[in-house]
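Here the structure comes first, spelled out in structure tokens, and everything after it is commentary.
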Amino acid sequence: MEFLPALDLLSTLVFALVGARIAADKGLDYGGIAFIAAVASLSGGTLRNLFLGLTPIWIVDPWIIISVLSAVLITLVFRRVTRIGKTLLVMDTLGLAVATISGSHLAFEENVSWWAAIILGLITAVTGGLLRDVLCQVEPVLLHRETIGTSSLMGAITFVALHQLEVSQTISAIAGAAIVVITRIVSIYFDLHLPKFNKQTNA
Amino acid sequence: MEFLPALDLLSTLVFALVGARIAADKGLDYGGIAFIAAVASLSGGTLRNLFLGLTPIWIVDPWIIISVLSAVLITLVFRRVTRIGKTLLVMDTLGLAVATISGSHLAFEENVSWWAAIILGLITAVTGGLLRDVLCQVEPVLLHRETIGTSSLMGAITFVALHQLEVSQTISAIAGAAIVVITRIVSIYFDLHLPKFNKQTNA
Amino acid sequence: MEFLPALDLLSTLVFALVGARIAADKGLDYGGIAFIAAVASLSGGTLRNLFLGLTPIWIVDPWIIISVLSAVLITLVFRRVTRIGKTLLVMDTLGLAVATISGSHLAFEENVSWWAAIILGLITAVTGGLLRDVLCQVEPVLLHRETIGTSSLMGAITFVALHQLEVSQTISAIAGAAIVVITRIVSIYFDLHLPKFNKQTNA
């Protein structure tokens, strides 16, 4: 199996699992769960492809659809398993790392500039979760607990920098993905956040 | 008049009528009503065309715009007519049937796979209503009363299956549209819903 | 510098400044502020380009990215400056005028019809603010205080009409932009709004 389709398949599966669970917790029915799982897992890659002038991957690759359906099925079968907060977080972080690299990687394949490769990595990784939260009418995690965006950005910058330095694709991808995972784990473990405006001094 | 433009025109008109009414009921002014009517009626077909690499239909076909403007005008002229809940539901169901078939049909014209034809039918039919609800800040009907998604999906599967069996286009389209309407009527009449997670057993 | 890139750069800067400030006021952290600034300033032009079958401008033009980053930096540096409501309004109106003309202008360069040029001017101008409000979970200004949509529409119609009458591009652009600014100032100064449905007579 090739590099990019494998990455897309993996990130689709984990993002669909996370999306389906969040939709289920919000009380959506099976149809709503499947819809949110699809949006959460497919919209990042779809937007990336539209921006690059390519056909969305789910139009040409049936495995992507099977991946989403599997995630929905898994969610329904294991619906009585609770306390999966940590598992979800691990899967979400994995999806973030994989989607970031897949986005930046495809950007380079289409010969766009390095800054667009960074942004496309970020868009591929964060769009699904953002739309998922907006549609489920919860406060978007991306905008309020920013380790997601920061982690993805750090990983995209790492991958793109190594690529520009002509490091091999495999090493660049592993390093970029590792930086996503490490940034997220460190920021969660030490409860690090980006600063906000200080309302007191602002008044 | 050709097959596909006629379908798009009809679904645009009814989706715009439903959208304009919902926006008016939410207290938006005339500009907001026109905007929601346009988003509700045009976004499904626009997304379908972007995914297929085609120009959005409202860029090339002036009748689509006239159709939206007519719907807004009708809504403003008959603004004192209340108790139109049932009429709205009939129109919404009609739009759903027509948009589903138009989406799947155009997908086949562009030679995409059968699974993409099903998904594109569904996207064409449900996107407008979803964005309408998000912009009007009401709970999306699509995600919480799922007869919309299920009806459209059943119709798209029917149309695509008959098309694959090489049944004539007209018969496939009529059968697919009929399945959308029947599924929706039956599910509303008998108050059928897709199941949700059982919170009790989940606790 | 050419005409269109200069317009896009200017509207990007002011929309990013307005977006960053609104995100900061909503309590988002620095990452969220940057994200909202980017969405507010780039999504209108991006949608315009996708509808016209073109690559989004930020993929090819690094100055657009620098423009967004500058706006975020300015917002963070001057974060203690309060009472900027009027300045924001002036910038937002300027961005609206410039984006409207840039949208309609690019539409003509791509040889689309006059009605599509009007709509694309409107979409370029209002999309960013609409998404900004939806993501910040505030009531969309566009839909509830409609001077934005009306102003942009008036300007787009003016620009397109003069263009069709073969008036020079510079004069058409200045007149169209002026109409956007004047319509907005007049409507705010005299507290003019588009009418809503009269709930009393409707009951």
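Chains here go by letter, A, B and C, matching the order in which they are written, and residues are numbered from 1 within each.
One rule holds for everything that comes next: contacts are C-beta pairs under 8 Å (C-beta built on N, C-alpha and C of every residue); 3 or more make two chains touch, one makes a residue touch a chain.
Bear in mind the structure is a predicted one, so any value in this text is a computation, not a measurement.
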Determine whether chain B and chain C, two copies of the same sequence, contact each other through the same residue numbers or different ones, counting it as same when over half of the numbers at the interface appear on both sides.
-> different
Rigid-body rotation angle, chain B and chain A, from Cα fit (steps of 5°) = 120
Between the Cα centroids of chain B and chain C the separation in whole angstrom comes to 29
Could you say which residues in chain C touch two or more other chains, in rising order?
-> 50, 134
Residues of chain A touching chain B in their complex?
-> 23-25, 27-32, 35-36, 46, 50, 55-56, 58-60, 62, 65, 79-80, 82, 134-137
Name, in rising order, each residue of chain C that touches chain B in their complex.
-> 50-53, 112-113, 115-116, 119-120, 130, 134, 139-140, 142-144, 146, 149-150, 193-199, 201-203
